[in-house]
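Have a look at these structures, which come just after this line.
Each of the next two complexes has subunit A plus one other chain: subunit B in the first, subunit C in the second.
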Partner chain A sequence: MDLTYSPGWTTSVREVVIGATSSEGGSRRISYKIGGENDLPFIGNSGHKPLIAFEICDDPTIWPEVVRSACRDLINNPADWAHHADQELNADLIRLNLTSTKKRNFSNYKGIGNTIKQVLASTSLPLIIEGSNDQDIDSEVFQQCGEAGQNERLVLGTAEAARYRSVAAAAIAYGHIIIAQSPIDVNLAKQLNILLREAGLPDDRIIIDPYTGALGYGFEYTYSTMERIRFSALKGDLDLAMPMISSPADSLTVKEVREATFTDETAIAWEVATSVAAALAGAVILVVRHPGTVPILKDAIDQLKHGRGGI
Partner chain B sequence: MVNINDAISTGNKKIEDETRRIALLSIYPGTAYYLPITYAISGLQVKDAASALNSYEKTGKSPLIGSEILVASRRSEEDPPYTGFIEDSVIRKLGYSLVDGSILGLALIVGKPDKSDHASAICRELQEKLMLTFLAGEVIESLVKDGIKVGLELRLVPLGRSSLMAVHFADILARVAMMFGGVTPGDAQRLVAYASERAKAFVIAFPGMSDQEIAFINALRILGIPVLHMGGYEGDAFIKTDSDAIVRTGMEMRGIKVQVTAIPIPMACSPAFEGKAIRKEEMYIEFGGTRSPAFELLTKSDPKDVENGRVKVIGPEVDMIPQGSAAPLGIIIEVAGTLMKKEYEPVLERRIHNFINYGEGSWHSAQRDLIWVRISKEAVSDGLKIEHLGKLLISKFSMDFPALIDAIQVTLITDPEKIMPVLERARSIYQERDERIAGMKDDDVDLYYSCTLCQTFAPNHVCVITPEHTALCGALTWLDGKTAYEMSPSGANQPIGRGATINANTGEFEGVNRFVRQASHGEIERCALYSIIDAPMTCCGCFEAVAMILPEANGIMIVNREYKGDTPSGMTFSTLAGTIGGGAQTPGFIGISKGYILSERFIQAEGGISRVVWMPSILKEEFGSALIERIEKAGLSGLYEKIADEKITTDIGELLVYLESVNHPALSMTSLI
Partner chain C sequence: MALKALDIYKLLPKKNCKECGDPTCLTFAMKLAQGKSDPDACPYLDEAAKVVLGASTRPPIQKVIVGMGTRAFTVGEEFVFYRHEKTFYHQPGIFYLVSDNESDEKISDVARMIREDYFTRIGMDLRLNGVAIISDSGSPVKFSEAVKIASLKGEIPLVLIASDPTIMEAGLGVCGNFAPLIGHVTEDNIESFCNFGEKYGASLLLKAESPDLLTILVDKCLAKGLSNLLLDLTGPMGVFVQDSTVIRQLALSRKVPQFGYPVFLDVSQSGFSGLITGIVKFASVIITPPLSKPDMIAALVMRQNIYTDPQKPIQITPGLYQIGTPGRSDPVFVTVNFSLTYFTLQGYLEATRRSCWLLIVDTEGMSVLTAVAAGKLNETIIKDAINQFKLADEVDHGTIIIPGYASPLSGRIEEVTGWKVMVGPRDAAEIAAYIEEELK
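Let's look at the complex of A and B:
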């Protein structure tokens, strides 16, 4: 029996360029064009292979223990850590999480500007920067991020409905991309994108983060929200036609991982499983923290994309 | 006293003469925008005196461009503290702060103050209100003499010695528009639109400007920038205000609002206290609730009659009223705002209820002239006064409706004599409002409103709200939808252009179909507003009542949420609700607001109210005379008694017998199926 597949999509996901090479005014060795899908993930011409971002931070005290022990000394030097992720782990992107800004009474704004510059010097991959999440310091922090990465077309995170102005301002003023995060809710995702447009940010500078719950801890909500965002986009809702990023960071703090006998294996399994599921739902950037996750996830994505046997 | 119009014509002439005579012109360092004003307006890249003159002529001798050329040709290097021309990299930072909201707006101060203390007070106020202020002319010297520190980091930017250096204020605006506003060089229209709608700037002019300077400052008005002064100028072009009010006036004219976060009253205030009642034993004093006259009234007023933040108490304060007594209370709120409309009055007035309940020691119930307000003993012992209720209302209204409200003042009347005439006036306003809403028909408007608030749990549900068809939760009327949209243009209530009529009887319109299709993510193709059978509206889960057809009776039954018992359909409300909710379209069933039952449009497609064969007695009683009136108006006298309730039967067989016995009109209507 022949089955015909004619879903009647009308729109493609918008393309977003991240990172800038020297010919684009920056200093990255590569820039990525993400988005552009005109069908569901892994069907037909459904876009590029999902990218894997390895996440590092500038203050490891609040980083998951399992990652700290796996990364050893690297955790104390973001530049070395980034270099390692680039050269040894072969990640596609680096995400620098400015965890130092999440501590009480943070005020070392110049310090984070320097960290960003050092990381930019130690790796030539495009960079995602995760800034503060406190309205009182956002303005200063994102000013620093924006300025330190001028011309590099960074991805800056995270804009939320209640606090998006500073992130948006940094993206507008210094030409970056932003991550717009909503709490697993398609309508709030849409509303935030509209707010960002009203603030003056062009639509091709937004990446949606629908928020990723850990597998077994709400991921099914994330999955169905991602599906709905993609359906809406393909059916013509331009406010939702942006590529998606998924960061299953919660996976490393679930009880099953914390209390596991084989912590590393469990952590990796949890990150890989959540990330693959997110890719199936349409995420094109997968952010992971455990170094062991990267090669396995890469292989899994390749198999999904090229259909080489089972996973 | 300088006559502005005279000064402008001499000034423009002078700008022209001098511009024609310039010989040398060097470009500014650190900018990619040449002469920014000229570049933004004309798209011309001025690099020397000849190209400068050319652009001046080409733009019809714009005084903005002429002045920019003159300032550039003078090449006067400014010594500290003067900044002169400011480079692009600094402007990028300024622009960041504007988008980010850490700078609320821009002010320019020019001229020479008679008394320096005026200027310092104004600058301090501007600093406090998060404005970025540019200074040009003798005002700077006068401030410095007065001990005021100036500098970019202090948000007081001293551009230069002469008022004409205000050109740099305009070149910053032009660059911000090109860098952040997407204004292409040469697109003067976009520039004007950006400057007038987004840049939020105003000018304060002290006396002592030359004609040339006046002509330039006046030309800023083209960019939608108002010029305010406190005297020394004569003519309509500049707006005269008092020195105390000048900053406030400027900010109000540009719609710049300072966000107040802490409410300055001796009582905690949060939605957390909303559900907390004040019992008689805890009460210090009460108002209304049949013990004394009380009312609330919110009206739109002329901006000149509203002093933002003012609270006035007419009559005794709380400390002059004996504990445990009932006092009269008139809450009169006057709001002014360019976007405020008369139609919004009742919607905003309804919020008084929430806001007073936010107070830990204040409680509010009911509405209009039926209000009942209490203040607790604890709050009074902490120092709470009646006046503070006014402050609470002002803060909450300003915070929650920043787009609508530019200024708000509250009058609280506790004097038993003085309240009466105002109460009478309030009553006549309530009556006018009722007539206005009651009289509104679906055909009177072209725009309906959507509500997709419930999509969080009913993903494809789209409520369509019309004047005669309130949201199915009963909480949002068409006016509320309209207000909600204006207050939050990207929110859950969006305008729906009705479009061409497909079927007037079933209430099917092209525009509504198009909207519903899109908003339901392609799930729902058609939506007939006045039908229960043919493509009825979807249901979320919030409906006040369910209407469903009873094919055996050739009619419909209605059951409301409060009724827990059985119905002739064999299903209770909760079973029915579970069956039809979740955003689905279920022909034969609709979720409705109770108010819709009284609407003339109520299931118009199937014959309206005459189809109703059963509803619970509590619902019948709740409607009472309103339902009888509706029935009489439809020419169906006697129908009220013919509608069965659970006291008559909840059995479909017995219902049919009853309907036959009373000769219910539904039985002889065309077949529903």
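Let's look at the complex of A and C:
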């Protein structure tokens, strides 16, 4: 009986290298390749294992309450927090969200440079840096980020269609990777990648963030957009053949989680559910904030990666 | 391969007699092509055409109903691989698994949980579907007692798991009339189980070492005239995803018709992540040990999301809604009737603990961004809503706050409505900061 599955894929997702070890000019203990899949997620054996990034921030006042209480001894010290995520939680990556830059009248540019250096010193995992989201300060913020992480092959976020030049400039000048975010729309994701290429960024330095809507509040749009991006990539659209990142951070702020009786359990369930589904739709970096999510998600990815090994 | 509507039309009598219930043969053909109608509805179809149409218009995945009465549910009858191609039609049934070794009290607790627990979101009640009883005791008497307690006199759909026909028959003795799903049907017991399928009308759960061996079991059941079948693809999560993906593809393309049956998954080993995997990757009946409440809610919300029809955004009725207990001087926020926008905004507004009015205008369920681009959110619609819902009778300040993405419309809205317009934030998450800064 003919049980072959012939989807007619022509193209692989591009490989992107994040982080730089000493032999690659940086100081990380490991660097990762992501992407490389030539089929749907977890089908066959192609591509690299999805990574879990634990997200911390430099100003916890706007961080979800449930995470602040779960990480309460660490939230005022990004370096300790990063060290904990690395050594105790066994995350694959650290994402440092520079929430201080999102406050009004932010001007402490030197401060964020120092924070990045401290975090780079306290963990030897590759780092994702989430910078400002305001055109007026982007240029200086990303200049600081780029410089502080020089040679480390950071992942810098976030470029959007309306404001990508500062992020792109820092990534080009200092050799970093970029996160390109579009609002849950496959065509806008494609356009932004084209803009970034025209700005001088090589394709293997781009990670797509199709934006992760909260579970229960539009996650299905994200799920389908990710499926469409992956489908287009495998069918040969090189403008969409980049690996994807998913950050279900919004799932921690929805009413069902804020008002839950078992707050931690609920936060973990929503983060795990969103992340597992995002991975099944093609995301290869899963960004989470609750420490309890990490071991459950790690186990899920291990289970998903043990398939039949080729069809 | 499925026939296209025009190919089907060529086989129809083209009398436009309307006896099938459709106005023309062409509209009937279009329904047949989508699997939405049955060739038998046409009284003038010749036998040869019936054979061609019967084989190619049956849904590529067989429809199966589990249970009786109000809680019975339908699975299968799916047409697409990606939900964005059209939609996924029938949500997977989620069953709590209990052993017949458990105490009567525990079994009846689980059954009551299934019968009574639900929660409501976006105007829909979300519930689990039934109880799965597995024979661990090896005793027919114990099994039938457990089944009897769990079935709540047929109210709750059941899955019975016992491969020994004697034990299974004991279970069917107490719930055989309630259309349970029974398994596992294997090479060894298929004769007896086919007899149960005939005698009780139970659906059969087929299990084999590998997908290609499943096709042999399917053929044996079909030879006995039994087509209410499910395929058990339980295995390590990675193996499940691969098998489920390939089987869905081969079923939809009709290359392997034996795979055209709904998929079953037991997540006892893989846990909550396995349950989520089953929900997004084509499982139709999933059994799991009883879940914590947070896990249960997250899973049901995921199921609701994935099975939402992408072409029909869930809408909210336009109107003037209250957050808290607003008075004549409290602010009025205007937004669209896309339910996600409404529920998101409502959540953030409630979190501010500030009473206010929410004027929902009819944008046919489009989000703010889309509605502005498509001209569905415009000054006339806002003016009509202000009049229709008598906003002037409720507030004195004559001011409305529009979504940030609608800011280009603010001048025209002021002109046409005569109300003062303030531009709110683009993102509902910023509404608290906005209220604090702009509305003191």
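Here are some notes:
We take it that the second predicted complex is superposed on the first by the 303 of 311 C-alpha atoms of A that agree within 3 Å, B and C clash if a C-alpha of one lies under 4 Å from a C-alpha of the other, contacts with A are read in each partner's own complex, and residues count from 1 in each chain.
Heads up, the rule we're going with is that contacts are C-beta pairs under 8 Å (C-beta built on N, C-alpha and C of every residue); 3 or more make two chains touch, one makes a residue touch a chain.
Bear in mind that the values here come from a model prediction, so they are computed numbers and not experimental data.
Residue contacts after overlaying the shared chain place A:228 against subunit B and subunit C alike.
Using the contact criterion defined above for the overlaid structures, shared-chain residue A:17 touches neither subunit B nor subunit C, since it reaches no partner.
Contacts of A:216 after superposition on the shared chain: subunit C is touched, whereas subunit B is not. By the touch criterion stated above, A:89 is placed in contact with neither subunit B nor subunit C. Between subunit B and subunit C, C contacts the larger number of subunit A residues.
Within the superposed three-chain model, A:198 lies in touch with subunit B and out of touch with subunit C [touch as defined at top]. In the superposition on chain A, contact of A:168 is made with subunit B only, not with subunit C. In the superposition on chain A, A:306 makes contact with subunit C only, not with subunit B. Subunit A uses residues 228, 231 to touch subunit B in one structure and subunit C in the other.
Residue ranges of subunit C in contact with subunit A, taken from their complex: 82-84, 121, 211-212, 215, 236-239, 241-243, 245-246, 249-250, 255-256, 270, 272-274, 276-277, 279-281, 292-295, 297-299, 301-302, 304-306, 308, 310, 340, 343-344, 347, 350-351, 369, 429. Residues 1-3, 5, 7, 40-44, 183, 214-221, 223-224, 227-228, 231, 253-256, 258, 260-262, 265-266, 268-270, 272-273, 276-277, 280-281, 296-297, 299-300, 303-308, 311 of subunit A touch subunit C in their complex. Considering their complex, residues 138-139, 142-143, 146-147, 165-166, 168-170, 172-174, 185-187, 191, 194-195, 198-200, 202, 228, 231-232, 235-237 of subunit A touch subunit B. Residue ranges of subunit B in contact with subunit A, taken from their complex: 92-93, 95-102, 179-182, 452, 455-456, 459, 489-492, 518, 521-522.
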